[in-house]
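Worksheet: the structure to be examined is printed underneath.
Labels for the chains are A, B, C and D, by order of writing; each one numbers its residues from 1.
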């Protein structure tokens, strides 16, 4: 990508990147505010679809040292466009998701403990109630394990590929998160803020689901009609939750 | 309800509504203070019985943006009497409870995690100790599941109806809360503040009950004499807990 | 106790009571600081052994409204000596312990959730590690259930009696706490501050013990030699933990 | 060690000790900041390898009363070189580790609840995911129980010896922590700060591991290739996580 060594954004792109840097920085700080991260174990990115540029957290930098200015800008091939720091070690995973899912605008990765326990267990989080159904239209899936070869070569890229493989048959924004087996959750959304929102949801419903099964090991998957009702009263043309125009009578 | 389009409260009603708006706003903030809500997943309402007007949280508004002024006033038929925002999407549930239970003055709905786990498990929370008995005169019941038809049509109203159906044989203020199956808890009380208080109790005893059963799966329901003693030392004519007049010797 | 209606403390007693009021108020506030109380579900008392006067939290008053001045002073028969508020509804329990155990100077009652779960389970907390052994020289016992008659008449006094009955064969300061079956923990110590300290210990080891048994249901009671070592390195003539004189070489 | 009674550090040593006192004090405060300690149940030490002097927390002093100045300096034989307070009662354990493991520069001991539960259970924490693999190159081991004789005589020294015995076949910085059976965790690192970091990791993965096994009791040990990948992308010559030079391309 040698054409980028003298890269100069147009003023439009520069303006949008400035806004995106701030959004991505804020979303990273929100991760910590929601108690989803220990040390530096989490990262958020956001994409400017017009230019194909991605803003992402630098690798291993403490949250209190993060700023809009030290976020790293990479292109969809992983070239650093702006920034002096290494981008997140998980950058290749984020980029694969952006390349394959044009609907998504922000991605989050955490090791939030309750969701990570489900990932370590290699088990999808079943939809057991309306809290889950308000955000996920079905189970929160868990990927297969990566093969030794997929781990040894291009590990982070292959992590992205196994996510894409697992999500393939779903509508990506109706399943806005996943557990990577033996690893931890990734979530996404229309933008970085919504991806953070979904990271919180995954952590909360992960904890609720374990407790539910401890109370009643025979619990059934939520009634499909109730799943439909809750998901659709918050999403789509007929949503009526909140202050959206579509919900005004 | 076209007669309300030019609705003008009397000065008495206006004064009481002003007080009630403040109480309901405060009760909503207390929900967050007690860590019962994630994002906007909770709502509180209160009723002025003389005018039949209900003050309720607007739908999907962040807690930090709530104020006494942006609470929504509806009548018992669901017509918006004052307010520019949509009321909580659960308003029809609240209104059904106010219509059927004249004793109650405030209602709370949350997705607090431990109580929600019991709701997802479809299991009543058994009375296992005095913490529970101080507030609930018996188990915290769990409703039956709604039918597909009840979900598809007038879902929120039917949620209220299934609560009423389940509580029917109890004294409503002696069972000041319930779990809606596959959903989450609702609680109530003489006013909004007491409903919040009971929402905290349900969350705490939900967590205690699961741990109790994990320690001793054979635990028995609390001795009835102890349930009576604790409930009645806090409630009714012979109460002697706290600084109530009836407890002065 | 009509002789107390014109009770005037000597200046010595007045001075000591002033100090004790402050200590008991502070200890009550510490309960909340250590997250052991929800609402007003906890109380601390302390005794001045020379005068036989007990300072105790008023019943049902919010923590933020407590002060050294509104603590209630009662004698060992339960007569209110100073104070306009009702003393804790559990006062009779505290007094029975003070009467039967001259070694103790402070008592705490809470409904802290993990300890309460063990009490509801009716199960003593076994000594499974050194955290426990540093404070309790053996299991944290659980009382038998009270009979219906003991509940119906003089309930709080009988709660004290069943604690005394259960502790009878132990050295009371080496078993500085107990679980009352289907109810919650009581702890004590040389003074109110130490009783609060032990209330924290009971809550912490209650949580650890449940997790220990979940990891390994076959776990054995701690090696007696290790229990002896840890208890005795903190207590008694040969203690060498901390900055006590006896621990200086 | 009578030669130390008139001990005067060279100016170089004095300067390094001043820095180390500050680091060890800060590390002790970080333990509390990370919610790993209740009361005074935790201690951190650091060593200056050139002089063989160890800075350690005084025994039983409240965290708010700690300062760089009241840290205690001991030599590797346990003689107090500087300080008016008793050093931690666990000093002999720390010293044995420093003597046997020249690679380590800081040590932490806590009773953090989830790790302590595994220690009480007498069970190594299996490596179940990448959160664990990022820091520990294999299970977090648990020592055998000490014999009655090892407990009765030189208990704290023998605690160090059983740790050394258990770690013997591992690379000590690749297994930077251990559970002492029926007791609690010890962790270490290149310096005091890294030892604190590892104490947090042990607590977090302890909680995740229990939840993982509750979700799926049949879960397998993490794929060895994934363990290798995660451990080695953060450690060693080919590390590429964070902003280390070795990770710059």
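Everything below uses one rule, namely that a contact is a pair of C-beta atoms (placed from the backbone, for glycine too) under 8 Å apart; a residue touches a chain by one contact, two chains touch by 3 or more.
Which protein is which chain? UniProt says A, B, C, D = L-ribulose-5-phosphate 4-epimerase.
Being a predicted model, the structure only gives us computed values, none of them experimental.
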Same or different for chain A and chain B, where same means more than half of the interface numbers show up on both copies?
different
Cα centre of chain B to Cα centre of chain D, whole Å, reads 48
Distance from the mean Cα position of chain D to that of chain C, given in whole angstrom
34
Give me the residues of chain A that touch two or more other chains.
213-214
So which chains end up touching which?
A-B, A-D, B-C, C-D
Interface residues, chain D side, partner chain C - complex:
38-41, 58-61, 85-86, 89, 111, 113-114, 116-123, 145-146, 148, 151-152, 155, 182-184, 210, 213-214
Please give the residue numbers of chain C that touch chain D in the complex, ascending.
128-131, 197, 200, 204, 207-209, 211-216, 219, 222-223, 225-226, 228-229, 233, 240-243, 247-248
